C-alpha cells in the first residue's frame, strides 16, 4: 500500500516536472496527454487506496523522511491515508484528472500550454500534500504550495495590463493573483500561530499526538488554537472578510477556477476544520462562531451572486456561498456532512465551471451573460451539463446537492440554531434563483451574442466526454450518502439527527424544496424568455450595493492598500531619510562643522598662537583649581 | 679649607654618557670632514650619520638598567634606555630620506647632519636625566638644532615655520625655566627624586598646593607645547607644513618621545604623590586634544597638514595613557610610539617622494588631496603602501598602530577608565574619516592631471625606507610580543 | 589535515597576493579557480567535520602575543561551519556571475582578500583575531563599493566603513574589558572566547558589556535605527559587492550575537530580550514598509534584507533551540536567497543599466528563464515551504512564540509584508504588457548567468526539502550552547527563560 | 631687609612683563627681547633661591639659562636674518601664509 501512497502523491509531481521541462517551448499536445495520464494514475492509486481503507478500515501511514529537526521539534514528511484524506484524495485526483483532460482542449490555442500543465499538476501535488500529511507542518506545506500554484495560475495571463476597476473589477490577472496570495498570507499567519500554540502546548505537530493531547489542555489554549487555525481556514476558503480574492481569482483560466477555486483548494479550509475536529469539538464557542460565519457568508455571497453579470463570478459567489454551508455544518459538529457536501460540491461545481469554460471558449472569452442567450442551439451538451450542475447546486431532489445541502440545513435545525436555519433556507432559495438566472440567460432566450459578431461552437467531443463522469456524479453522488457516512465516521465523529428532527425531516426538506423550486420558478419567469432589463431596479441603491460587492473591494483599496502605500512612502521619505538617516549624517556634519569652526583658531598669526599659549596656561590654572577644589 | 676635588673616573660612570658623546663626536667629525674636503657628496654624510647612529644604538642597548653617572645627573633607567633606542631607530630611518633623486639644498650641507646628530644627542640627554638642568639643556640643544634644520629647508614656508616654532619654543623655554625655579623654590632641589622626597614630606603644609600649582602648570605648558597638545598645538600644523616631509614625520615622533619621558618623570612623580588634579588636568588635555585635533583634521585640504593634525591627535591619545600612571599605561606610551614611528615615518616618506619643487596642484599647498587622486593608476604599489599606512594610522587591525591603540585602551580599561577607552574608540572612528579620505582619493578618484611626476623624488634608499616601514607596519603582529615584553620589563624595572 | 582552517583563511589571501602577477585577461579565470578550490576545501571541511561533536573542532592555537593573551586560535562548530561554506560558495558564485569589465584583476584580488577576512571572522575563537578580521573585512568592501559603485559610491562606501568602524571600536572596548575582568579573576590574560565562556560575570557588568558588543554587532546586522548605511551601500555597490555584503557581511553581526553575546552574557541577554525584540519588530515591519515604497528594485531587496535580518535577530533572542537554530539556518537562507536576488537584479541592470521598476514590466514574457529563477528566489524570500526560506523563518517564529505570542504575531507580519513588497516588485517588473521598447529584445539568461544561478536554486530547494544535514549540526551546537548558558546564568529569570530542549538533556550529547 | 620674597616678586613681575611683551609685541625682534626678559627673570629667581637655600645648584641653573639664552639669540637671529631677506619684514602679521 505504501507504494500506492507514493504513486498517488508523486504522480502529479512527476507530471509537473515533465511539463516544466517543456515549460518554455511551444505547445506540445503530448505534454497535456502525459500529464493527464499521470493524473489518472494518481486517481487510480487513490481509488485503490480508498478501497483498501474502505475494506480494511485501517489507515495507511507512511513516513518518508525527516524534514525539520530542531530542538524538540520533529517534523517528518509523513503521510496518512485514512478515511478523511482518502476521500479528499479521490475527489481531488478525480476532478484534477478531468480538468487536465479538459484543459488539453480548453488551452489548445494558448502558447503557454505546457507551462499551464506544469502549474496545474504542481497544484495537484500541493493539494495532495495538504490532504495527505500526517502533521500540521506538512499540511502547511501543501497549504502554501496551493497558494503559490493558485498565484501562478490566477496570474497565468500575466501579460494583461492593469485596467480600472470599472472596466474589470479584478483589475488584471496579475493583480488578482497578488491579492489572492497576500490575503492568504494574512490568514496563514493565523494558521502559523495556531501551529505554534499547539507545538508549545503539546510538543508535537503530529495529528495523532496533538489530538491525543488536546483533551488535557486548558480551555483558553484550545480556543486560541482553534481560532488561529480557523483564521487560516478563512483565508484559504475565502470567508468574510478575506473573501474578495476569490471572485478576483476568476481572472485565471477557467479550468483553474474549476479545479482550484471551486473543487479543491478553497475547500482546504473546510478540510482543516474537519481534520482538526477533535480540537474544534472541544471549543464550542469557536465552533459556533464558525457556523455563524459560514451561514453569514452563505447568505452574503448568494446575495452578491443575484445581480452579477459575469458568468464565472456568479459561480464563484456560489462557491463562496456553498463554502459557507460547509463551514456551517462543520461548525455545528456535523463534520461528515460537511465533508460530504465538500465532495458533492466538488463534482457539480467543477462541472458548472467547466461548462462555463465551454461557454467562454465558444464566446471568445466573453463572460457577460447579458451578452449571451440562446446558446442551447449550438451547445446542447454544455447546456445539459450546466443544467444538471445547477439542479444539483439548487438542491433539487435526487441530485447530489439535495442530499448534502439538505442535511446541512437539517443540522442547523437540529442544533436549535433556528436563525442559522432560516438564513440557510433563504439562501437555498437564492442559490436556486441565481443558478438558473445564469443558466437561462446563457442558454435560453434571444441570441444576443449575434450583435457582437460571435460565432459560438460546441466544445470538442473528447472534452465533453471527459466531463461526463462529473455529470454522472453530480446526479448520483447523493445516493452514496449512507455508505459515505458509514465510511468516514470510522474516523470522524458521527452525527445523527435527534429523534424529533428525524420525524419532521420531510417537512424541513419540503420547506427547502419550496424555496429552491420557488427560486427556479422566479428565474424562469424573469429570464427564460430572454433578457428584459429593469432600469429602475438596476439603478436602485441595493442593486448597486450588491453589484459592487457591498463596496468591500473599494473599501479595502481606500482604507488598506492606499494608506499602506502612503504610510510606506512616508516611512521612507520622512522617517528613514529625514529622521534616521539625517541624524547619522547630522552627527557627521556636526563634527565637520566643528572642525571648520575650530580650525579658525589656526589663524597663521604667530601672535595669536602665543596668546593661545597664555590662554592655555590660564586655563590650566583654572582647571587645576577647580579640580583641586573638587577632588581635594 | 678647600678640599681638593677628587673625581674618580669610575664614579663618573662615563659609559652612561657614551651614547650622547658618540653622537656629538660624530657631528664634530662631519664638520671636520667638511673642513678638510668641502666637495664631499651628501651620501657620505648620510652613511656616516647612519653608522654613528648604529654605534650610538649599540652603546645605548649595552647600558645597564638603573644606573646613575656623571655626578648622578645621568639617570639610566629603563625608560631612558628604551626612549633613547626609539629615538635612535627613528633617526636611522630618517637619515636615508636625504638621498632623494632630486637635489634638495639642505642635504648638501654637512651642517645639516652635524646639527641632526647634535639634536639626537640633545634628545638623549633629555631622556637620560632627572635633573631639571640637564633636561632643560637637552631640550634646548635639541630644539635649537631642530629650528635650524627646519629653516634649512630653505623655502619661504620653512622660515615661517622655523620662526613660529622658535618663538613659541622660546616662550615655552621661559615657562620651563620658571617652572623649574618654582620647583627649586619649593624643595631646594632640582633633582626629581629629591624633589619627590621633599614634596611628599611637605605635602600636608598649607599653601604648598599653590606652589605646586604654579610649578606643575608652568612645566605642563612647556611639555604640552612640545607634545603639541591643545591649545599649545598651534605651531604644529604650520611647522609640519613648512618643514620638509621627512623632518615633519620625524618631529611627530622623536621630540614627542623625549617630551613624554620628561612628562612621565615629572607628572608621574606628581601622580605618585597623590595629587589627583594633575590627573584631571592631563585627562582633559588628552581628550580635548585628541577630539579637536581630529575634527580639525577632518576639514584639511592638504595631506601633510592632515597628517600634522593627526599626529596631534595621536599625541593626545597617548597623553591619556600618561594619566593612568600604571606600568601598562607607561608601557603603552612607548609601545604606541614604537609602532606609530614606522607607519608615520612611512607616510611622511610617501609625501616626500611626491614632493615637487613647484606647486603643481594648488597655489597654497604642497600636498593637496587632489595630488593623490587616482594614485593607484599612476603608481599602484605606492598607493597600496600609502593606503596601508593610512589604515594603520586609522587603527585598522592587524597593522601596527592598531596594536598600540588596543594596548593603550586595554591599559585604560585596566586602570578603571572604561569611559576613556570609549572616548578613544570614538575618536579613532572620527579619525578614520580623514585617513579614508586619502585612501578614497588614491583609489576611487581619477587623476586630476596627467601627472607623471608624483613619484618625482623617488630613489632606491627611499624605497628601502618605505619598504621597511611597510613591512613593519604589516608584520606588527609578529613582533608586538617581544616588543611588549621588552618594554614592560624595562619600564617595570625602572619603577614606573 | 588538522590545520584546514588556516588553509581556508590564508589560501585566498596568498592567492590574492600571487594574483598581482597574473595577467589581466586571465584574472577572472584565476579568481574563479581559486574560489572553486577554496570552496572545495570548505566542502572537505564539512566532510571531515564530526557531526556528532557539538564542540569546537579543527582547533588551532598558536600564541601570538602571549603577554597580552592574544592567540591565533581557530575552531569551527556547527554554527560557524555552514556560514563558512556559504561564504566560500557565494564568493565563488559571485565571481562566476561577475559582469564587471573594469579592472577585473583588482576586483578579483580584492574579493580574494575579502574572502580571507570573511572566513577568518567565522573561524576565529580569539576575540582579537575575530576583531582583526572583522575590521579588515571593511577595507576590501570599501574598495569594492567605492571603485565599482554607482554615482554616490564614495559617500556610500565611507558611510559603510565609518559606521561599522565606530560600532566595532566600542565593541573592542567591551572585549578589552572582558579580558581585564578575566585577568583580574584568573590572573591570566586571555582573549580566547572559549575561556571567556567560563567567566561568570555579575549582571551589571553583563549589561554594560552586552551594550558594548551590541553596538558593534547591531550596526553590522544592521538593526534599526542603525540601518541607514545599508541602503546606500547596496544601492551604490556593484552586484558582486551587494551579493557578498548581503550574503556574508551582514551575517557577521548576527553571528557575533550567537558567538559572543548569548553565551557570554546569558543574564543580560535574557533581560534584553524585550528591547531587542521591539527593535527587531520595528525593523521587520518598518523596513518592510520602506521596501514597499521603493522605486528601485535593488533598494527593495536591500531593505528586505534589513527586514529579514530582523527575523534572524528575533530568533537569536528566542533563547531556545528552535529559535536560535532557526536563526542560524535563516542566516544561510538569507545569504543565499538575497545573494541570488542581488545577482538577479545585477543581471537586469547589466542589460538595461537601470534598476527602476518603472522601466520594466512584462519581463516574464521576454526573459522567461530569468523570471522563473527570480520567482523561485522570491518565493524563497517570502518563506515558501520547501524552499530554504521557510525552514528558518518558521523555526524562528516558532521559537520566539515561547517568549511572547504577541510579539511573534507582530514579527510574523513579516510573511505578509514580505509578500506584499516582493510580489509588488514581481508584478511591476515581470507582469503586465511589455511597454518599453528597450525591453522587447532583452536577452534571456546567458549560460554564465544560468550556471551561476542554478546551483543556488538547487540549494534553495534542497535545503528547503531536506535541511537535516545542515540543521542537525547546527542544532547540536546550539543545544550545547543552551545547556551551557543555562548552567552559567545567575539570575532565576534567565534560568527560567533559557530553554534547553529535552532531547539535549536526556541524550547527554553535551560535551 | 630685602628677603627672598622681594626677589621673587621682582622676578615674577619681570616674568610677567616679558610675557606681556611676548603676547603684545608685533615685531619679531621685540619678541625675542621679551623672551630674554623672561629668562632673565627666572635667573633672578634662581639666584635668590640659591642664596636662600645656600645651595649652588640654582646659580648653576642660572648660568645654564644664560648660556641657553645666548645660543637662542644666536640661532633666532640667524633665522630672523634669512626671514628678513626673504620677506623684507619682521612684522608678525606679515607672517601668516600658513594657516587653517
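Descriptive notes on the structure:
Should a chain be cited, it is by its letter among A, B, C and D, assigned in written order, with residues numbered from 1 in that chain.
Just so it is clear, contacts are C-beta pairs under 8 Å (C-beta built on N, C-alpha and C of every residue); 3 or more make two chains touch, one makes a residue touch a chain.
Note that the structure is predicted; figures quoted are calculated from it, not measured.
Where touching is counted per the definition, the chains common to subunit B and subunit D are A.
For the pairs B-C and A-C, the larger set of C-beta contacts lies at A-C. Distance between chain centres (mean CA atoms), subunit C to subunit D: 65 Å.
Subunit B and subunit C, compared by their mean Cα positions, are separated by 44 Å. Averaged C-alpha coordinates put the centre of subunit A at 36 Å from the centre of subunit C. If you average the Cα atoms of subunit A and of subunit D, the two centres end up 96 Å apart. Residues of subunit B in contact with two or more other chains: 163-164, 167, 171, 237-238, 300, 433.
Shown for subunit C are the residues in touch with two or more other chains, namely 162.
Residue positions of subunit A touching 2 or more other chains: 588, 599, 602, 604, 606, 610.
Here the touching chains pair up as A-B, A-C, A-D, B-C, B-D. On subunit C, the positions that touch subunit B within their shared complex are 63-68, 128, 131-132, 135-136, 138-139, 142-143, 146-147, 153-154, 157-158, 161-162, 165-166, 169-170, 172-173, 176-177, 179-180, 183, 208.
Remark: subunit A residues 588, 591-592, 594-596, 598-599, 601-602, 604, 606, 608-610, 612-613, 615-617, 619-621, 623-625, 627-628, 631-632 touch subunit B in the complex. Residues of subunit B touching subunit D in their complex: 132-133, 136-137, 140, 144, 147-148, 151, 156-157, 159-164, 166-167, 170-171, 173-174, 177-178, 180-181, 184-185, 188-190, 237-238, 241-242, 300, 305. Residue ranges on subunit A touching subunit D, taken from their complex, read 599, 602-607, 610-611, 614. For subunit D in complex with subunit B, the touching residues are 8, 11, 15, 18-19, 22, 28, 31-32, 35, 38-39, 41-42, 45-46, 49-50, 53, 55, 57-58, 60-61, 64-65, 68, 71-72, 75-76, 78-80, 82-83, 86-87, 95, 97-100.
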